[in-house]
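The chains carry the letters A, B, C and D, assigned in the order they are written, with residues numbered from 1 in each.
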Amino acid sequence: MIVIMKQGATRSQIVNVIARLEQQGVQVHLSEGSERTVLGIIGNGRPIDRAQIERMEGVERTVPVLQPFKLASREFHPQDTIVSVNGVRVGGKQVVVAAGPGAVEGYESFLEAAWMVKEAGAQLLRGGTFQPGAPVSRFQGAIEEELRILAAAREETGLPFVAEVNTPELVPLMATYADVLQIGAQEMQNYALLHAVGEAQRPVLLTRGMMSTVEELLMSAEYILSHGNERVMLCERGIRTFEPSTRSTLDINAVPLLKQLSHLPVIVDPSDSTGRWELVGAVAKAAVAAGADGLLVEVHPHPNQALSEGTQSLTPGSFAQLMKELRAVARAVGRELLGGDR
Amino acid sequence: MIVIMKQGATRSQIVNVIARLEQQGVQVHLSEGSERTVLGIIGNGRPIDRAQIERMEGVERTVPVLQPFKLASREFHPQDTIVSVNGVRVGGKQVVVAAGPGAVEGYESFLEAAWMVKEAGAQLLRGGTFQPGAPVSRFQGAIEEELRILAAAREETGLPFVAEVNTPELVPLMATYADVLQIGAQEMQNYALLHAVGEAQRPVLLTRGMMSTVEELLMSAEYILSHGNERVMLCERGIRTFEPSTRSTLDINAVPLLKQLSHLPVIVDPSDSTGRWELVGAVAKAAVAAGADGLLVEVHPHPNQALSEGTQSLTPGSFAQLMKELRAVARAVGRELLGGDR
Amino acid sequence: MIVIMKQGATRSQIVNVIARLEQQGVQVHLSEGSERTVLGIIGNGRPIDRAQIERMEGVERTVPVLQPFKLASREFHPQDTIVSVNGVRVGGKQVVVAAGPGAVEGYESFLEAAWMVKEAGAQLLRGGTFQPGAPVSRFQGAIEEELRILAAAREETGLPFVAEVNTPELVPLMATYADVLQIGAQEMQNYALLHAVGEAQRPVLLTRGMMSTVEELLMSAEYILSHGNERVMLCERGIRTFEPSTRSTLDINAVPLLKQLSHLPVIVDPSDSTGRWELVGAVAKAAVAAGADGLLVEVHPHPNQALSEGTQSLTPGSFAQLMKELRAVARAVGRELLGGDR
Amino acid sequence: MIVIMKQGATRSQIVNVIARLEQQGVQVHLSEGSERTVLGIIGNGRPIDRAQIERMEGVERTVPVLQPFKLASREFHPQDTIVSVNGVRVGGKQVVVAAGPGAVEGYESFLEAAWMVKEAGAQLLRGGTFQPGAPVSRFQGAIEEELRILAAAREETGLPFVAEVNTPELVPLMATYADVLQIGAQEMQNYALLHAVGEAQRPVLLTRGMMSTVEELLMSAEYILSHGNERVMLCERGIRTFEPSTRSTLDINAVPLLKQLSHLPVIVDPSDSTGRWELVGAVAKAAVAAGADGLLVEVHPHPNQALSEGTQSLTPGSFAQLMKELRAVARAVGRELLGGDR
């Protein structure tokens, strides 16, 4: 950490700050410039309370030297992490696509969708999101029924599935069925939930919040990793900006930035981020070209009749066409994408 | 709802859209302009799935005519709602201040803070926030202990307290102790939680999310109201913007806007929104001048030693001074604020 | 236009609004719903002052039916526009890359850069930006000298060049030398400048402002088109958001959206938008995959010594490598990109 | 400046950076922590090119120690600056209100407005904005005519006037007539214009851009000050955010922040920032309560017939009422506001 003193900070203010820091067992280097005095702190591994130092007399501000995440950083773990999801490897040469409808609307319909996306080359099922609008206890039954449908579809098609979990109490149930536990954008900083999935024996797909920075996403990943779960994947699905034409603004810069800062796989969700099916294809191709390790794409056999988010679902036909194009883009950037024309 | 057809939409596309709408039991008015055909829908009270209509051939977009909230709207309920919190009336002529430390650090210290803010004129205690970093079951004991401290301080000082609840399972416990259940910014769209507090017998203070619009805040309020709890208060605490000097940007425009759109009381939190104690006073005065019905102010007897958020806490001395100034501002805009010089 | 009346608007208020509208020569369709009355307006081609109508008693709001741009719209001009820049066609099958240093630092150095980017496959020179920090009159000489250097480099290499113009008085001079007049992000709504380039005989590259929506970009394009210049290209270079790790957030969604809404070519600037050379390559590939018709890339022979923006410049070596990769991505999406290995 | 080296930076990389810095005549302090090496630079007054240092091998990032503005800072000039506008003192105990229509629509009508706002207590006229939609040369006559109307109204009423100037070539003409030269939000970083007003003999009102940070606003103020004009006033008029209900989000936090960082007067524009007359009053009162030194309020004798921005204009009646309320708020925060009941 670095402490920048105010212009005109007195000698006794400087001495006080140094004393307070040294009490915490750190070493302090003093640099006195013509306009400012700067203190360089050499830490002892324990965090220093920046807020307390910043309230001391004569202190202008503090600057952290280290990134606020470590386990998630590429410095700590230079090699790419490959997360294995029931045999599907995410983060390696293969670009992996998870696809499926936005909500589970019954076994027949879900199975139809599952077969269709498998045929087109998807390797994972996007198994809908569970956002109970009431305390979990009343919904447990309904949730378990949906999970059984998803598990049955996996049984039939051989595709593992991703399911969103939004409250820590549901983690044990979800972990029994689902192959990947997704943390939705709204829960990115729900620490009780992060803790729970950090202790679960399932890969986690952590979605960036619509108001969260790249650094905050990596801090949430760190929290999961620190609870013992090393199989964390990051999901970029757009941030909220002033642009009203799309549901959110996909932060394409974040894809190479995350790959630079971290060793964790990066997945992009072009469906939720744009909210408009006509834009999904172009944005999906952009994500693969930018280096994404996977995609999460909403596909519905009959989008006009979808119970939710019909405006962002691709039809199976347009999804199959997109997969062909994605395959070409993946090859162009030295990656591979399974499917269709194998 | 209004449906705007694409330029060049064919007669058969228009007829299909009308047929689909009429199936849903609504009446359709056709206006054919030189460049666009527009359909005006006269509803039957049931919602229409706009996404489905928007996917139909020839449809450009749909425009809702009604606001997406009703119980929360001033149209529905023209008079200001006054929420009674254990005898303290929020939303009337009195501007009500809730104050206290950001975290409960023990009985003695909390009680000291409670007396100090009461003396300065606060009518409610800001009772810290409970954000377990682990599944609730492990924290239940610690939470209950903190609630007992808060209840004891209420007993002593006579001040009701506000406590934040962030998961539906905690609502029954919290409702046993706390006088106001606060929903934090991150939970504004946690529908299971909104449902739970909607069924609780306690006033609710609903905080606007850092990425949420005024309309979305009112939709969340609507959700609580629709579950039977009429004692809802709204809290503006800033939105996330590109400006990095403050933690968030307090949306002062939202204060009169919320009062115009809704009958619910509006509280402003200048501490969390600025994150900087030097700015809290000016922003608090601005909020009262803009018509806020109350404030949530962080005060700590010894901010330099605070466990959390020391940089945004006022000292009791500066809080007392601020209360005097707030009293003058309240009077200037035809309101009252208790305290000090009574 | 549609006028939505307030709930409880009186008959006489409705009649007044209709009367005011009819005075302006438009036809009004009345739809009376159970909760709101809606007026559908069939225009006569002349604009209606929405603000005046919105201030009338009983009016809640107005909703425009038509897009606020026409000449720039794909509806008006369904075929892609191809802009010819001294023989280089932008907007067709070819993806066109403009490259060069951020500032002109002398003839030798610029020429060296020009040959290097040409060799790698660039078809246009990015000729720096002219942002005088003083009234133009004092800078005219210096600007003309830079333009002569650019023109000389064009003479040598055969590459046309793009130069930024930021004030209307410079347009005649710039148009004498430059092959494309770029309007920078800060000038996107400088109507005097848009007017001036609208009357110039040069293609225009209009950059989206960092705080401007896609619709506003198209309205500015409309303004240029309406003054007679049909050779307009659009440039996405990122918008300002809360994310601090990159200079701006490139709005990749905007690429397919602009292609959908408009017939004009879309260029992407990955250098200015990220501000970080390590991210430029990935974002450039994403842009081409998303359907961009061209790129604007900053390349400097010796970025460590660059006078401006060294942190975002590619070296000639990394640019040549990037061009190879871009060529593969372009082919993958059915486009072509000249250069190197032809 | 501080340079933070990457983890694992080699000794020779560190030595190179130190050598490069020392070449520039600065002193370097080396602090070697367990995870990072940090270089503290003691400058010699000349700026260091951070971008060049950041591109060197082994460098992670640089951190500036000094604020990027000096003349505008309170450190440099601890006393509040009071700007005298033809005898009206801005920045002192008095809160000063500038009011008037959004556009000049003729002498009679402007004079009527001028008398009305004067009667209510305004001390300055808001003299419309000049945003030629064509090169200045064609508009010079029209602009001069408007300026003559404004000057005539000043002659009659005794109120100095503020006029917006948006291109450097107009500065001499504007400075002949206007008492304050306003730089609009879109021109906040038009350095040629800032230079021109920096050399003019008139007070300047510098408006914050809708996408500009507080720091950037102060850097633009610095630029004007550095060209010799010390009479600079700052104007907060809202920033662009995701909230769509108001034209922009007034950053009320910025008012006390600017007063803390700078000695320059701070004016707030509640009309342009909200874009809605119903919100103007509440926001104006908030601004004064937060410590603003003045307001810019749009008032039109007949807003329903206004040529521009009718939706944000107050009527003279509601303005007079607002002035009474503002007077009370000003007194409540220890300020004064002239008018009415003197």
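The criterion applied here is as follows: a residue touches a chain if its C-beta (ideal position, glycine included) is under 8 Å from a C-beta of that chain, and two chains touch if they have at least 3 such contacts.
Note that the structure is a prediction, hence the values are computed from the model and not measured.
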| item | value |
| --- | --- |
| Selected interface, C-D versus A-D, where C-beta contact pairs are more numerous | C-D |
| Chain whose Cα centroid lies at the greatest distance from that of subunit C | B |
| Where subunit A and subunit C are represented by their mean Cα positions, the distance between them in whole Å | 32 |
| Euclidean distance of C-alpha centroids - subunit A vs subunit D, Å | 39 |
| Intercentroid distance (Cα basis), subunit D paired with subunit C, Å | 28 |
| Residues of subunit B whose C-beta touches two or more other chains | 211, 240-242, 244 |
| Touching residues (chain side subunit B, partner subunit D) in the complex | 211, 213-215, 238-239, 241-246, 249-257, 259-260, 273-274, 278-279, 281-283, 285-291, 325, 328-329, 331-333 |
| List of subunit D residues in touch with subunit C within their complex | 49, 51-52, 54-56, 131-136, 166-169, 171, 186, 189-192, 194-196, 209-211, 223, 240, 303-306, 309-311 |
| For the subunit D and subunit A complex, residues of the former touching the latter | 2, 4, 7-8, 29, 31-36, 38, 40-43, 45, 63, 65-66, 75, 240-242, 244 |
